[in-house]
Every structure is written in C-alpha cells, then in structure tokens.
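The structures considered in this document are given below.
Heads up, the next two complexes both have chain A, just with different partners, chain B and then chain C.
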Partner chain A sequence: MDYEFHWNIVFQKMPELLQGAFVTLHVSVLSMVLGIAIAVFLAIAKMNNTKPFNYVAVGWIEIARNTPALFQIYMAYFGLGAFGIHLSPYMAVLSALVFINAGYLAETFRGGFQSIPDAQYNASKSLGMTSFQTYRYIILPQMFRRIYHPMTNQFVWSILMSSLGILVGMSELSGETQRLQSLSFRTLEFFIVTAVLYYIITKFVLICASLLSKRLFKGEI
Partner chain B sequence: MIKIENVRKSFGELEVLKGINLDVEQGEVLSIIGGSGSGKSTLLYCINAIENIQGGKIFVDGIDVHNKATNKDQLRQKLGMVFQQWNSFPHLTVLENVALAPQIVKKMSKEEAIEIAQKELKHVGLGDKFDMYPTKMSGGQQQRLAIARALAMRPDYMLFDEVTSALDPELVGEVLDTLRILREEGMTMICVTHEIAFAREVSDQVAFFHKGVIEEMGPPEQVISNPQKETTQAFLSKVLS
Partner chain C sequence: MGSLFTPLSWSDTGFILTGVWNTILISGLSIFVGSVLGVIVGFARAESNKYVNFLFGSVLDVLRSVPLIIQLVLFSTFMGVMGSPLPPFVAGTIILSLYTMAFMAEVFRGGFESVNNSMIIAGRSLGMTYWQTIRHVRFPIGLRSVFPAWLGVALSVIKDSALVSVIGYVELLRTSDQLISRTQQPLEILIGVGLFYFLISYPLSVYGRRIERKHAL
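Presenting the complex of A and B:
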C-alpha cells in the first residue's frame, strides 16, 4: 500500500472537529425536542378524525416518512429560498429534521397509544379515576416505556442524518470535516476520525438512554 | 341496594339486554349464569356505567346511575369491579397497584393508603408480594391482586366478571376461596360465572340469562338443582356434563 497516513494535521484541528461535533449534537437534540412536541399533536390529530387537522397530520406523516431526508433539506434550503424565505444552513437542516422526526414519532406515539389495552382504561375507570388521572397515572407511563426505545433510535437517526448538512454548507461535524480535509488534502485521515467521533457520540447517547431506562422503568410491560 | 328496572342495551343493531329486572339487597350474593353472548357481562358494565344503556333504569343506593347529572367517577367508588382478564397495572408494584386509587381518588395520605393496601393484600393472601411486579405473578395471584385493588377503595358492592374464566384450572380454587372469604364477611356481590358448583354453594340468588333476558331466577336449590325452564335445563346439562 502506497498511502502514507499523516495524523498530525487531524489532531491539530481536533478543536475545530469537536466544535463541529457539538453543532451536530446541538441540532439533533433540538430536532428531537421540537419533533416530539409536534408529533404529539400530529398523533392526536390523526387519531381524532377532526377535519381538517387529520388531513394535515396524514399529509405531514406521509411525506415525512416516504421521501428522502436529502429532499427535505434541499426543500428547506433551496426550495424555500425560491419563495424568498432564506434559511441559514443550520435552520434549514434543523427544520428538515424536525419535519421528519415529527412524522416518524407521530406514528410511534399513535402505535404506543393504541397498544395499551382497553382493559387498562376500564380497570382505572372502575376504581373511580377521572380521565385525566387515568392518562396521568396509568396510560402515559406505560406508553412512554413502549415508545422509549423507538424514540432513542430516532435520536440516533437524527444525529447521523444531520451529516447531510454537508450539502448546504452547514458547519456540523461532517461539514467541518469536509472543509478541513479540503484545506489539507488528508481526506482519509479526517473522515476516519470523523467516523470514530460519530460512533462515540451515538454510543454515548445509547448508553445514557439505556442507563436512564434502568432508572426509570422497574416493572415490565 | 342495587335495583335494575327494565334495562335495555344495544350495540348498534344488536340488542344484548332486552328488559332486565332484578334487585340485589345489601349482603346478598347474586350469581349470573348463562351462555356466552347472553348479556351477563354487559349487565355488569352497565351497572357501573362503563357502558351506557338505551332504556330502563339502574339505581345503586337510590342513585340513578345513568342520569346525566350523576357523577360517575364518584359512583364507581361504591362499586368494586374485577374483570375476566386480570388487568393489573404492569408498571406499578403490587403494593402500588393497590395503594394508587385510594391516594389519588380518595385523597388519602400515602401512609394511610399503604396501610390499607397492605391490609387488603394480606386479606387475599398476597402479604409476601408487596414489592413484586404483577407480570412476575401467576394469573391466580394477579386476579387476587385485582380483588385487593378493588377492596382497597372500600366499595359497598363487588362486581365479578367471570373472574376465573381466563385462569389455568389449578389456579381457579385460590380465587374462588378469596370470594368465599368476602361472602363470609357479608360483602354484597354480583358474580357472573361459569363455575356452577361455586354459584350453587355461595349464592342467595341465581339468575339464568338467555339471549338478553332472565329466563329463570331464584335460590340456587331451585334454578340450579331443579330448573323449571327447558332452556335452563339444556344449558345446565351442557355445562355440568
């Protein structure tokens, strides 16, 4: 093999890579928080059958789940630009990820709600609980457990998909890597280190999620 | 006293209760027997207003259950109910399952609710299972947990909906024993059941439901041991054979 690895430059630029990694984490956390909030409304709207909200919800969910993330990001950056709405690369990627997360999580939430047997509602009712108490103490805690791991997966997906920010010039981890390697021509070294950084970030998130779930969930569903 | 007057109930086109009349006095045990689809479980669901009715009236201690002005959540505190499918709350421990409703519905202090929960769990023979999660328990134990959970609300009446039907045969006895204890303590109970021998032993009255009407009703010596109607005889000979 003729290729000679030069790692020095990569380590010199590590602070900038880490800065990019921070932006990656930042945009994916924010996309999850906003995505979850919107997903709750979409799930309720889709289950409720109240026009026109259910049409909006169904349309949103269908588009988000059945078109590529790349398309969403392009639409947010170039598509909206054509209408005179100019989003920064960060905002374009964030809104695309929020759009997709909301669509996917809405279906996760809907599934979570519908997976709780009617018997749980009847048992709560028969004990004299109000609807609010039934949801607060019986339904939501069980639903949250069931959707916890799918939600974690969606979070990891968001971290990895934010790398598409590279295409609209966003300075997240992949974007920074692209910039730094083009200045130094150490393409392979930079991308190898970046891959390791992605791995560390997602592993870190998964381990935290799993530790948290052990603290949160004691019984079995 | 539970008073049921000419109650009619339909699911869409299908009329499942076609004018039911019966009274259950304080301290009395009524068993309802009959084939599946005869409307016996539906009647229980109507008594505590989980299902609405299309005609007639149900009174619990003089309160008109299906009147719009009746606070149903409050009414249900009088009526404990145990279901065929033991629906314990899987995310709570056994003790929490029982202590939850007294705390949030009756606004008891935590200490008070836990004290009652421990007492009721011992009552049904689960005194050593406080910190277990229900999914780790057998069906019979979960069903006794459901009974303790209902009793912790200090109900005046208990409604049992085929509580042994979903159990493995060897677990039926422990649940029936728990019901016998309640009977001896004077609890007013309505039991929808397929356990004919049990119904004969504990009931003051037995009602035989057939296609949404009461075909025959009276003391067990009459309805079970000496049925008058052909439909009752046919049903009993099928289940007792």
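Presenting the complex of A and C:
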C-alpha cells in the first residue's frame, strides 16, 4: 500500500464539515417535525372513510413507502420544474424527506392508534370521562409509548437519507464533503471523517432518545 | 444543425431496459448474498455469548449507522487507492450485500431466538444431535416466522439499490438521469421510473402485510 494519508487538510476544514453536519441535523429535524404534523392528518384521513381524503392519504402513504428516496428527491429537484416550480437543493431534499416521513409515520400512527383496544374507550366513558379526557389521559399516552421507537428510527433514517443531498448539490454533511474533497483530492480522508461523523450523530441521537424514553416512560414500556 | 435536445423515442427503450435489468440484477444478487450472510451471522448471534455478540453487534451497527452512499463512495475510493479498483457492479454488490446483511442478521436473529428453547430440549431428549435440532427445529421454525420482516428488508434494498448509481453503476435511476439531461423531459421519465419501482414494491408489500396478518391471528 503506497498511499499516504494526509489528515491535516481534513482537520483544517473541520469547521466547514461541522457546519455541514449542522445542516444535516437541521434538515432532518425539520423534516421530522413537518412529517409528524402531516402524518397525523394522513393517519386520520386513512382511518376515516370520507372519500376524497381517504384516497389522497392512501395514495400518499403507498407512494412514499414504495418508491426510492432518491427518486423522491429527483422528483422534487428535476420533476417539479415541469410545473414551473424550481426548488433549491435544500428545499428539494427537505420536501422529499417530509413526503417520505409523513408516509411512513402515518402508518406508524395508525398502527399505534389501532393497537389500543376499544374496551378502553368504553371503560373511560363508563367512568364519566369526556372524550377529550379519554384521549388526553388514556389513549394518547399509551399510543405515544408505542410509537416512540418507530419515530426514533424514522429520525435516524432521515439523518442517513439526507446524505442524498450530495446528488443535488446540497451543502449538508455529504455535499460539503464532496465539495471539500474535490478541492483537495483527499477523497478517502474526507469520506472516512464523514463516515465517523455520521456514526457519532446517529449514536448521539439514539442515546438521547433512550435517555429521554427512560425519563418519559419511567421504565414502563 | 439539429437540436441538442431530442425528445424521448422508442430507440431509448433498449437503454431503459438495460437500466431495469441492472437494477433487478444488483438488488437480486445483494438480497441473495445478504440473506445468506444474514442467516449465518444471525444464527451466530443467537447462539453465541455476549462478548462475541458485542463484537458482531458493533460491526453491524457501523454498517447501519453510516449512510449507504458514504459507504459506497468510501469503499470504491478505498479499493482504487489500494491499487485494485473494482468495477462499479462488483463494488456496489459487495457494499449492498453487506448493508443487507446488517439488517438481515437482526431479522434472522430475532427469528432464531423466538424458537422456544423447550422445543430444542425436546428434540435433544428424542435423541437428536445438536445439528439435527438446528436443521429440523430451529431453522424451519425460526425462518418461517420472519418472512414478513425479511420481505420488508428486501423491498428496502430494492429501493436503496438506486444509490449504487453514485459510483457509476448504470441502473435504472442513472439511465433516467442521462435521458433527462438529453431530452429535458424530467417529469415523464421520472414518473415512468417511479412507476417501475412502485409496481415491484407495492404488490410485494401488500403480500407481506397479508402474511403478517395471518401470522398475527
């Protein structure tokens, strides 16, 4: 092996990489927040039998779940141009991630909601609770506990998939790496450091999530 | 001089079909290799003590926590730097198989661990050897129960195989990318590509859900 590693340049560019990592976190957090908001509506629409909404929800969920993330990003970046909508790389990746997250999370929410037996509604009604109280104290806490782990996984998935921004020239961690390595030709070094950064980010998120779950659920999962 | 951008024509079908074939080829091969490795690693994890498990687990963890695209670029650059550059197909298959293995191993491990230990003990008390209990009890029961999960991972690999285009493998999404830059008709081409993935993935996911429901009952 006659390759000399040059790490100096990578460490010099570390602030820019960290800036990219920040954008990665930023876009994935935002995609989760928006995705959760839309997923709630999709889940309700899918469980409801009001026709047009039902079709939209089912269509959205199935398309999001059955096509590649890269396809969604291309669609947002190149495809929407046909309608005269030109998104920046950031917006393209964000909207693709929101689209997919909403689709996956809607199924998660629906599953979590339907996993709570009907008997509990009836029991709380018979105890004299109002509908709001039933949801607030009985249904939603249990549901949240069941969807917490799938939601964490979806968040990690969003972080990993935001790396596709590299293909549309977005300046998140991967895109930034791509740009910096093309300036210095230290491809291997830069990508090794990026891989390590991704590992640290996902581990950090998972550890935080598990600490938070201990605090939230006090061990009763 | 003719226009630089020529519309999509029937002569492009061959090119698209090459992409379709390459997508099917690389994802099929990776699912196969990944599943075989996944069964082996999953079995090893289910059977071994916690120290070995920790070692296996952390390697698999790295494969799952680094984006596939970074793994692909890293591996193909690494091999190039080492002086033995691999063709995109080989590099892509290796990484995609390992990536598949990382997920499959957990799926199969769960399956093997779900087989009740008393069944194994019953087998042993009937005079079966250790390997016979594995062959006739643990494998058939463990593998059957994880089929829906296996299908889920396999479908995600088909979708993730689109990423192999970054190291230059001409699969479906890359052919469409090239056609888009020539024809400047992104929407039509992309919808076609999306439809292809959807038509493969949707029926299988419906099938998987049905099996899962049958199991649950």
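Note that the second predicted complex is superposed on the first by the 219 of 221 C-alpha atoms of A that agree within 3 Å, B and C clash if a C-alpha of one lies under 4 Å from a C-alpha of the other, contacts with A are read in each partner's own complex, and residues count from 1 in each chain.
Simple rule for what comes next: a residue touches a chain if its C-beta (ideal position, glycine included) is under 8 Å from a C-beta of that chain, and two chains touch if they have at least 3 such contacts.
Quantities reported herein were computed from a predicted structural model and do not represent experimental measurements.
Contact with neither chain B nor chain C is seen for A:M32 once the two complexes are overlaid on the shared chain. In the superposed pair of complexes, A:K203 makes contact with chain C only, with no contact to chain B.
When the two structures are aligned on the shared chain, A:L70 is found in touch with chain C, with no touch to chain B.
Partner contacting the larger number of chain A residues, of chain B and chain C: C. In the superposition on chain A, A:V93 contacts neither chain B nor chain C. In the superposition on chain A, A:M151 contacts neither chain B nor chain C.
Contacts of A:V193 after superposition: neither chain B nor chain C is touched. When both complexes are overlaid on chain A, the residue A:A45 reaches neither chain B nor chain C.
Within chain A, not a single residue is touched by chain B in the first complex and by chain C in the second.
Put simply, chain B touches chain A in their complex at residues 45, 48, 50, 73-74, 76-77, 79-81, 83, 85, 87, 89-93, 100-101, 104-105, 133-136, 146, 149-150, 153. Taken in their complex, chain A has these residues touching chain C: 1-3, 62-63, 65-71, 74-75, 78-79, 81-83, 156, 160-161, 163-164, 166-167, 174, 187-188, 191-192, 194-195, 198-199, 202-203. Of all residues in chain C, only 62, 65-71, 73-74, 77-78, 81-83, 155, 159-160, 162-163, 165-166, 173, 176-177, 180, 185-187, 190-191, 193-194, 197-198, 201-202, 205 touch chain A in the complex they form. The part of chain A that touches chain B in the complex is made up of residues 117, 119-120, 122-123, 125-130, 133, 137-138, 141-142, 145, 217-221.
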